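By letter and in written order, the chains are A, B, C and D; residue numbering begins at 1 in each of them.
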Amino acid sequence: MAGRLGLEVDFVAGDWRSGVDPMVVQTRLAADKAHRYKAVMVVHNETSTGVTSRIPLIREAIDRAKHPALFMVDTISSLASMDYRHAEWGVDVTVAGSQKGLMLPPGLSFNAVSDKALAASKLAHLPRSYWSWDEIIASNRDGYFPYTPATNLLYGLHEAIDMLLAEGLPAVFARHRRHGEATRRAAHAWELEILCRNADEYSDSLTAIVMPDGHDADIFRRKVLERFDLSLGTGLGRLAGKVFRIGHLGFFNDLMLCGTLCGVEMGLGLTGVPHRAGGVQAATLLKNATRLAWAAFRKSPPCVASMDRHQAASLPGLIDPRNRGP
Amino acid sequence: MAGRLGLEVDFVAGDWRSGVDPMVVQTRLAADKAHRYKAVMVVHNETSTGVTSRIPLIREAIDRAKHPALFMVDTISSLASMDYRHAEWGVDVTVAGSQKGLMLPPGLSFNAVSDKALAASKLAHLPRSYWSWDEIIASNRDGYFPYTPATNLLYGLHEAIDMLLAEGLPAVFARHRRHGEATRRAAHAWELEILCRNADEYSDSLTAIVMPDGHDADIFRRKVLERFDLSLGTGLGRLAGKVFRIGHLGFFNDLMLCGTLCGVEMGLGLTGVPHRAGGVQAATLLKNATRLAWAAFRKSPPCVASMDRHQAASLPGLIDPRNRGP
Amino acid sequence: MAGRLGLEVDFVAGDWRSGVDPMVVQTRLAADKAHRYKAVMVVHNETSTGVTSRIPLIREAIDRAKHPALFMVDTISSLASMDYRHAEWGVDVTVAGSQKGLMLPPGLSFNAVSDKALAASKLAHLPRSYWSWDEIIASNRDGYFPYTPATNLLYGLHEAIDMLLAEGLPAVFARHRRHGEATRRAAHAWELEILCRNADEYSDSLTAIVMPDGHDADIFRRKVLERFDLSLGTGLGRLAGKVFRIGHLGFFNDLMLCGTLCGVEMGLGLTGVPHRAGGVQAATLLKNATRLAWAAFRKSPPCVASMDRHQAASLPGLIDPRNRGP
Amino acid sequence: MAGRLGLEVDFVAGDWRSGVDPMVVQTRLAADKAHRYKAVMVVHNETSTGVTSRIPLIREAIDRAKHPALFMVDTISSLASMDYRHAEWGVDVTVAGSQKGLMLPPGLSFNAVSDKALAASKLAHLPRSYWSWDEIIASNRDGYFPYTPATNLLYGLHEAIDMLLAEGLPAVFARHRRHGEATRRAAHAWELEILCRNADEYSDSLTAIVMPDGHDADIFRRKVLERFDLSLGTGLGRLAGKVFRIGHLGFFNDLMLCGTLCGVEMGLGLTGVPHRAGGVQAATLLKNATRLAWAAFRKSPPCVASMDRHQAASLPGLIDPRNRGP
């Protein structure tokens, strides 16, 4: 995308099964004595693979390379589902959307912007109009928008944030962590492979599962949709036909996940995909483990995502930041 | 209720675990040479126990006793979930409601009435006004109501009937039968007892399960609600604390049932109720058996519930009976 | 209706253009030395005519006759649109519904009951079951219902009461009074006759207007519906074809009324009904008069309808009476 | 906007009271022998002034100048409210949105693109990604989108188009024409000036009215909102405080307009703006004139906007073009 806008992009190809390697970032930046890199861009939670990148480690890598590049993070499929801290983690630009963890239709996008990024934007030469920050920051100051706002989605956002804060962000994150863990246990029980290679990069909002050789993931998905009215995610790009994805984010509870895993297990049976039964059982056995995890989590210090305060600040009139935790 | 209206009621006490015994009906009616019984009243599907009564056999019992009593059936929790045939089964008055298999809020009630019942009502002495049929039958003739109608529920009914006919009543009934069977298999796997004693009286719209001695069903239910946001039915009357009920009627699919059964199984674990794990597994193993059953059902001759045509007739303007199957 | 229930009814025929005459009530009750009258039943706001009866004067008439009859009032089309005070006005049974001033679909009915009425009900011989108070009063004590409640309407009721209290009952009543007065001014300007004869019996929730001789009100209504998508009320019973009714109750504001009056005036033109133009103009001229009225009203002592507290009491769990004014 | 994107813009300043002058367009283009103008950009219906530009005359002006510039038209506040013909009028790019005449929330935008514009886009050098046509045209071919689509708005669009076609586009356009004419008659009766100078450039979707000197339009608007819950449009840019705008587009009928005009007239009175009463009366007198206009319109040949077919073509799967008129 940046390429189409005329920017020079140094795309670090990965293996589609691991997150961004902080060491690679550090090495490339350190080699760039002329500071030609303007920004390091990372996706926090990669929707097509279920792999997360460890944002704090990448920040450290940039710092160790003593490079002035901006740090930009896409949190579209992680915000409000997994812990994320724009200011604390030293991110310059965070991009998010309404249609995933915020449980709304698509139509709203959010930018959290550091002072450094704002200053850089004033010096940037790339022509832009709608994507420019100046006008919207000026309008937002009085609670307005420089163009027709999606008022109904803003009301929805208000409700969504109320729901998230009523549950408590730590509880929301623990819920998704529990669902991620349960889904992975089910996959292990089925003896199917999880696409994400490294346990510390597992996504809590979706899990991509590798289809055994000789079985087409899309035929399996179509059968499951048809027979159980369950819509699994397709494999994208080079993963087409090779993986299917189980989403477990947003307004989703334990029993919805159980129903989803049952649908997958029964679908594997219906389409003759070799697997061992008992995934649902494995997932439900989680309950003791996760209760301990949950209890532990609740005792930890509050960690309301700082992103959240930024959003609040950009929507005056709708959301009163005084209602928020620290 | 009839008692409170001043009628003399010969209530045939049952054991709360079986349906109405046709032989008892026949014996009592045969002994009533003076024809003092005016009506035989039966609940098709008993919501508090998950026991159905076999309506055609009771009709036969009345006929064998050569008794002129009216035959009245309550189908509130069975209509549109289980096969039922007002005319074909020789019922005089069928009562139904909007809030179960018709998937609507409560607020509409339906009466299907035979000519014999209509004639009897004209001779009846019990004072009545709102409950009288004359006025509504007269108004309905032109598509009106004698009082403010619940228009929004009538629109909802129109949609609900469209949904049922789009799926096809045989498929709707097969779906509930499958869910009933899966629930019972889960109970057997858990080694918990089903309240309904006789296999040919099992309900397809709900299943009541007996709690092991020394365990309070309501404590279990509260825990399940609190932990899994799953609301199970309470034991009513003499069954309070002794049973819990799993509803599987209306807009409900296989994976919702799977989620429900997972919630029950995890809840049994959480509250220390002795049971064997694997109920969900047992339920999902059904898939082959039920596919056979389903296939067989689809080949059987059409059996659109005749009740349905009666409803259609009582809602002119809204529902065109010509859209119906035979 | 009472007649059909086997009660002896002494129906005091009126002229369909006046409210109940307190003097007639007093005379009849005074003549009834044997106290055979069990109840005086009055409609507060008669939907078919737009005539109200003055409840406090009728109470005084009963008291002056020193008669023990219960006093029962139907407030279906007045509650929450016009001031009404169950306890203060000495009413024994007040009946109301959800579908008028409470702005909900039909489906909820309310009874406010005095201790005297409750005591009488325990001695009454008329067979009843659903209409009996005992069971519902017992269940309501714990926030429950003796049968499947219309939960969605109870949520709606909660919202409706919030809306009414947010506006303030005095403001709600003043708004309807203003709409009633504006509608009558429009009728006078059109030189059409208002059905209700006495100015102190005008309804604030609807106005019935008499069609000039030789013009069919229903043809006019049909034309207005077809051309302006405006549904006016039909003449009921002996008034069929002779009057049309303009409803101005519930969620209704000044400009909706203006639009309504424009539709009537244009419809009179389209159907050739003789009238003088300028009704809307007359109605809008009200603005000064009504502002004075409104201002005056606001200075008067608080008059939250006592009915409201009774409803609140009958819906524990949903409505907290502590939120109410005195 | 184009200027911010680095394009050189020859902005033809107008007087904010007239549409684009075809003669000016012709003169400038004729003088541009080097063909440096790449596009002529015009707003069909200017939301801030209530002035329309006559698209066919501008097309003729371009043709007379024999200039190859693309012709681009913004129809955001006119599409589906006023007659517009992308292909027949020789427009190269038409831009529209969901939030005006299509009666939806904001969130969808439409481009109708000629082959000439498509060819030009392939040669264009301005960097772009989201705004590029290639990807979406390729995806649309199979009924998909290259990014997360606003599915709920597409369902809404389906309904909106059904509503428009059920009424019939000629009837929709006649309705808005009637509302525009009625609003202007009201303004004349009030002796207030209409901002748009030329009768053949009046907008049918909104009317801007000039406030008499010494009166602040925004104070008037605030009072009307507060007192009548009627939200009038503010004056934008150099018109701030000097005009107010009455919108009459989308889902809007005669009586809503009457209510709106009553609110304006009463508001003028409340805020002491000098005016003559009787605007509403003048507007309603329209009824005969417009019925004649309507009748005449209905006899004219069908003129389903060609824009409509283009939209249909760009939304395969949702909208079947075979349901459309010619």
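The rule is simple: a residue touches a chain if its C-beta (ideal position, glycine included) is under 8 Å from a C-beta of that chain, and two chains touch if they have at least 3 such contacts.
Just so it is clear, the structure is predicted and the values come from calculations on it, not from any experiment.
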CA centroid of chain C to CA centroid of chain D, Å: 46
Chain A and chain D, separation of their C-alpha mean positions in angstrom: 40
For chain B paired with chain D, centre-to-centre distance based on mean C-alpha positions, whole Å: 56
Sequence positions of chain A contacting 2 or more other chains: none
Overall pattern in which the protein chains touch one another (line/ring/star/complete/other): ring
Touching pairs - complete list by chain label: A-B, A-D, B-C, C-D
In the complex with chain C, residue positions of chain B that touch it: 1-2, 4-6, 97, 99, 105-107, 126-130, 132, 148-153
Of chain A, residues touching chain B in the complex: 228-230, 253-256, 258-260, 262-263, 265-266, 269-270, 277-278, 280-281, 284, 287
